[in-house]
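Across the two complexes that follow, chain A remains constant while its partner is chain B and subsequently chain C.
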Partner chain A sequence: MRLPPGVNSKDFSDAIKQFQEAVGNDWVFTTDEDLDLYRDSYSPFWHEDQDPVPSAAVAPHSVEQVQQVVRVANTYKIPIWTISTGKNLGYGGSAPLLSGSVVLDLKKMDRVLEVNEKNHYALVEPGVSYFDLYRYIQDRGLKVWIDVPDPGWGSLIGNSLDRGGGYTPMRDHFDSHCGMEVVLANGEILRTGMGALPGAQTWQQYRYGFGPYIDGIFSQSNFGVVTKMGFWLYPVPEGFRSGTVLVPRHDDLVPLIETLNYLMNSNIVQGTSTIGSPLLMSRTAAQSAGGSGGSALLMVPGGPSIEELENIGKANNLAYWSCNFSFYGPPKVIEAQWEYAKEKYSAIPGVKFEDGTEFKLPLSADQMEAAPKRQFGIPNLTIFGMMGRSEGHMWFSPIIPMTGEAVFEAQKVFGQAYKDMGVPSVQQIFVFPSSFFPRSFVILCGFPIAHDVEKNRRNREIFKGLVKVAAEHGWGEYRTHTAFMDTVANVYSFNNHALRRFHETVKDAVDPNGILSPGRCGVWPKHLRETRGLQS
Partner chain B sequence: MASRREFLHMGIAALTLPISARVALGAAPENSAVKPVADAAIPSVPLYKVVYDTRYADSVAFGEEMKRLGVNVHAIRGDITDFWYHDLYAQWKQSPAAIAGLTGPGALFCLERLAWDHRMRVVFRADHRYGRYQNDLADGGEAGRIEHMITGPEEVVRKSSEFVSDEAGWPVLTASLLARFPQARARLQEITSETKRSCSERDPEHLVSWVIAPKVSTATA
Partner chain C sequence: MKMALAIVLGLIFAAQVIAAPPGYAPDRASAARPDQAQIEQGHKVYDKWCYPCHGVGNDKPGTNSLAQRGQKPAVLEERTDLTAPVIKTFVRHGVLFMPMFRKTEVSDADLDAIAAYLTRNNKQ
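Let's look at the complex of A and B:
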């Protein structure tokens, strides 16, 4: 039997018995066969002793069972690592950060408690996946949309607490939540916002309640176990249309993004927009510039100059930059929005526009098949169908300003960092930024995982190097794999780590035994703070 | 600590069903068309559905053979969303039911993880790596062959490794083997084998044949 760090075998056996009494024998897992399923499918520590493994897993069905489990853990000072469905691959999956923790697996708490189509909200438990809520809504013909990440098999609560993003006007998943129920380390339940008012009628309608607004401290944290959460939904729009703006020159990126900002911050464009480059991604153009077959121009070693690239673009009728847009609402309104966007962009010489798809809703079954799933809040697993020989990935995901200048700088800085760190050219892919969150760009760069110890060690070092380089330029990760939580937290160091010290003060107050998800996002309990859990 | 490879072995070893578990888990789901083409003496895992990928000729041949054997099949084009959302979800919500397939690794990756949530496990897996280019193969070996790494119950693995040497017929033979996948617990084995066959751009880089079946409910210590 594996033991949690600092817990003797008698105490652990007693705790396991009490976990079983709380949730039933079938829902306490202690065999290697079961526990290995909680290891990270995309672990950057494959074949290494650092690959974290839990000592047990417990899957409660109700908030009362969660309370009992937490109380037992608190009594025996057993670290528990909470997961909702454990599907956040690339960020650690279901594996604990501290090896030997007991995984508190909330997937059996899978009830959709309410969907209100008049006020457009839902109240769900942590085990409810995007598929589950979507099915609930479709089965009842409710006129609301959800927003889904890609892929859509994870938990709404898990993704929101990890501050994930999607594609529709409700794409900032934490920002779309309204009201939480939380089990604290002592087993007590609290409700946030209006939920603190017994018999509240607006728990999912007014976020703030009265007094300090504390919901944020339960996201990317380890201060409590969230057992219910409300989400604002989007009323099914009457129409959808997409469009793309294409500009011919390198420097056109600056006005392209400046106007995007204006349109987005004025709520004229409501969905995620992604910057792309038809020119840099063109394989044909790459070959004409001396690149090898199959690689895009972006990857041609040494590469042509900007002027040469612009000429290649002109010769091949390829835009240097593109930006796609999604509009949601009554057809008349979204047509006017797209027309207005075109008018704003017409100031850029040589700009072109591509009208995308237009849908009037509700959709027929055939249209549903053809609809862009992510933009319509339809959960899917399509991305896995494109998997080749991948053994997994982890995400390097810095937030940068939403300006053309920042994109150029990021391209230059990360390009140089790759060269300095000796990253193979095939991995030196500049990822185009997306607006998963309002008013900033995120660059989502997938780092490969290999079943090769040396490659993973090297990639971990490169990853840490990129975090450092990004921070030197004022860019920080919005989220990271458990393996890098301390690395990322360390760069948020303003005023001698004032934020981290505040987090630690809160941690010591609300979880004095340090049992809840030790180390999550760099927040360690007092007894593990100095070693950051490394002694185990 | 067990390595991942040892973990795979341990996992599969503990998963194949003892005959006694058959009663507890029930026989074929009521809506299954499968009455396995099994030797009556060797109880086989009743397959609820078999998944194949219409993009690849070998996978199609596998699916066609399963269909011929009376197994319900589901065609995909890489993406299992439709199969999951419109079919498997309801079946597994009702009761665990075995499935099999010859698909890309991404499809298996998804189905395996979804199966875990329903107390099911991969009980057989064969990775088929197509050597379209010299460096496609794990050991950097010669192109013009398909490399098969097969893990599962000893008898199935042994037969499978024989079948895959058949240049044209290995997908069909694999289908016939997996359609009567044995329920009885067996020793595990891993074998690497190969098919000598020139591979083309139309071939995938990598396919996987697999069986997912209910695990035995284990009492905790």
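Let's look at the complex of A and C:
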């Protein structure tokens, strides 16, 4: 029998019996065969001792069962690691950060409790995936849209709590939530916002309730187990259209993004926009940079100059930069919005426009099949097809300012960092910024996972190096794999780690035995704080 | 949220040599003819858990990956050479970017039903 750290076999056996009494024998897993299913399928520790494994997994079906399980864990001081659907691949999947933790698997809590198409919201449990809610809505012909991340098999609650993003006007998934139910470490149930009012009629309509607003402390944290959450939905729009703006010169990126800011912050553009580069993505530019992969996307020292690249673009009729736009709403309105965007961009000499797809809704079945699924809130797994026949991936994903100057700096900084760390060009995976969240850009640097110890060790070092370099330039990650949570938390160090010390103060107050998800996002309970769990 | 990765990752993530996961043990002899109710249940479970990756269409990464490997047909529902042990091994161990699936996602009974569905057209 695997044991949780700091727990003796007698106590653990007693706890397992009580877990079984709480959820039923079939939903407590203790065999190696069953527990191996909780390993991280995309683990950067494949075949290494550090690859975390749980000591047991418990799968409650109701909030009452969650309360019982948490109370047992609190009695025996057993660390429990909460997962919702466990499909957060690239960020830890279903595996605990602290090896030996008991996984609290909420997948069987999969009820859609309410979808309201008049006020456009849903209330769901943690095991509800984007696919589940989408099917629920489609089966009933409800006139609401969800927003989906890539891929779509994750949990709405899990993705929102990890502060994921998507593509439609509701793309900031934590921001689109309204109201939570949380089981605390002592087994007590808490409801946030209007949910604190018994018989509240606006739990999913008004976020704040009365008094301090605390929902944020349950995201990327380990202060409670979220068992219900409300989400605002998007009324099915009457129309959709997309368009792309292309500009010819390197320095055009500055006005391209400046205008994007204006359009986005004025709500003229509502969906995610991504900066692209037909020139730098071209094979010609890659060859000029002496390789493939990110060597052309990044300004790697020794690579082609801006002037040389502009000449390649001119000779091959390739725009240096592009930006795509999505518009949602009545056809006349979104047509006017696109025309207005063109008008604003016409100040850039040589600018070109490409009209994208235009849809009037609702869609027929054939149109639905052809529709851009992410932009229409249709869950899919297409993203996996974009990674070749790889064995997994993880992401280095810093937030940078939404300015052209910041993108230039990121190209140089990460290009230099890759060169300094001796990363071959083919592994310099750099994706241009996207506005997954309002008013800032996310950059994504992908790392392939391999079932190869040396490759993974090397990638972990590079990953940590990028975190450090980014922080030196004022950029921090928005989210990370469990393997790097301490690394990332360490760079959020303003005023001698005042924020982390505050988190620890809260942790000690609400979870004094430190049982809930030890180490999540760098927040460790008191007894593991010095060693960050490494003594286990 | 990674639409922008399409071109870059398609170019960069190196193709891997497929390896059968641990426990891979084709065993045609053990296949018993399933009943219709189990096949229908398997079809439902397959549609929920497998189709989004292994169904028909260019946006199905599992199908595309098998096609890249030269598998014909690449759509699992169209195959007649799969066996229950092989199906179960891949579901419980994963392969390449396909993760393993826990019993809270696909129960043993549901996995039996998936196997019944995907082997329904096998020649005995």
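In the analysis below, the second predicted complex is superposed on the first by the 512 of 536 C-alpha atoms of A that agree within 3 Å, B and C clash if a C-alpha of one lies under 4 Å from a C-alpha of the other, contacts with A are read in each partner's own complex, and residues count from 1 in each chain.
What we mean here is this: contacts are C-beta pairs under 8 Å (C-beta built on N, C-alpha and C of every residue); 3 or more make two chains touch, one makes a residue touch a chain.
Not measured: the values here are computed from a predicted model.
Enquirer: Evaluate whether chain B and chain C can sit on chain A together after superposition, giving fit or clash.
Expert: Chain B and chain C clash in the superposed model.
Enquirer: Just checking: does A:Ala336 make contact with chain B only, chain C only, both, or neither of them? Give me first, second, both or neither.
Expert: In the superposed model, A:Ala336 contacts neither chain B nor chain C.
Enquirer: Give one of first, second, both or neither to describe whether A:Ile214 is in contact with chain B, with chain C, with both, or with none.
Expert: neither
Enquirer: Let me test your reading of the model: by the given contact rule, A:Ile16 touches which partner, first (chain B), second (chain C), both or neither?
Expert: After superposition on chain A, A:Ile16 lies in contact with chain B alone.
Enquirer: On the A-aligned overlay, A:Ser434 touches which partner chain: chain B = first, chain C = second, or both, or neither?
Expert: Second partner only.
Enquirer: With the two structures laid over each other on chain A, which partner does A:Asn380 touch: chain B (first), chain C (second), both, or neither?
Expert: Once the two structures are laid over each other on A, A:Asn380 reaches both partners.
Enquirer: Return the chain, chain B or chain C, that is in touch with more residues of chain A.
Expert: Of the two chains, more chain A residues are contacted by C.
Enquirer: After superposition on the shared chain, which partner residues are touched by A:Leu3: those of chain B (first), chain C (second), both, or neither?
Expert: So A:Leu3 meets neither chain B nor chain C here.
Enquirer: Looking at A:Asp150 after the superposition, I want to know if it touches chain B, chain C, both of them or none. Which is it: first, second, both, neither?
Expert: Once the two structures are laid over each other on A, A:Asp150 reaches chain C alone.
Enquirer: Kindly classify A:Tyr42 by the partners it touches after superposition: chain B alone (first), chain C alone (second), both, or neither?
Expert: second
Enquirer: Applying the document's definition of touch, where does A:Leu444 land relative to chain B and chain C: first, second, both, or neither?
Expert: second
Enquirer: Under the contact definition given at the top, report the residues of chain A touching chain B in one complex and chain C in the other.
Expert: 29, 34, 36-37, 39, 41, 85, 87, 107, 131, 153, 379-382, 384-389
Enquirer: Going by the contact rule set out above, which residues of chain A touch chain C in the complex?
Expert: Residues of chain A touching chain C: 27, 29, 34, 36-39, 41-42, 57, 59, 85-87, 89, 93-94, 105, 107-108, 131, 149-150, 152-153, 164-167, 171, 272, 274, 276, 281, 292-294, 297, 369, 373-374, 379-393, 395, 426-427, 429-432, 434, 436, 442, 444, 446, 448, 450.
Enquirer: Residue numbers of chain A touching chain B in their complex, please.
Expert: Residues of chain A touching chain B: 1, 16, 20, 25-26, 28-34, 36-37, 39, 41, 46-47, 49, 51, 53, 85, 87, 107, 131, 135, 153, 379-382, 384-389, 451.
Enquirer: What does chain C use to touch chain A in their complex?
Expert: 1-16, 18, 48, 52-53, 57, 59-62, 64-65, 68-69, 92, 94, 96-97, 99-105
Enquirer: Which residues of chain B touch chain A once you look at their complex with the stated criterion?
Expert: Interface residues on chain B, with respect to chain A: 1-4, 7, 10-11, 14-15, 76-81, 84-85, 89, 104-107, 109-110, 113-114, 116-117, 205-206, 215, 217-221.
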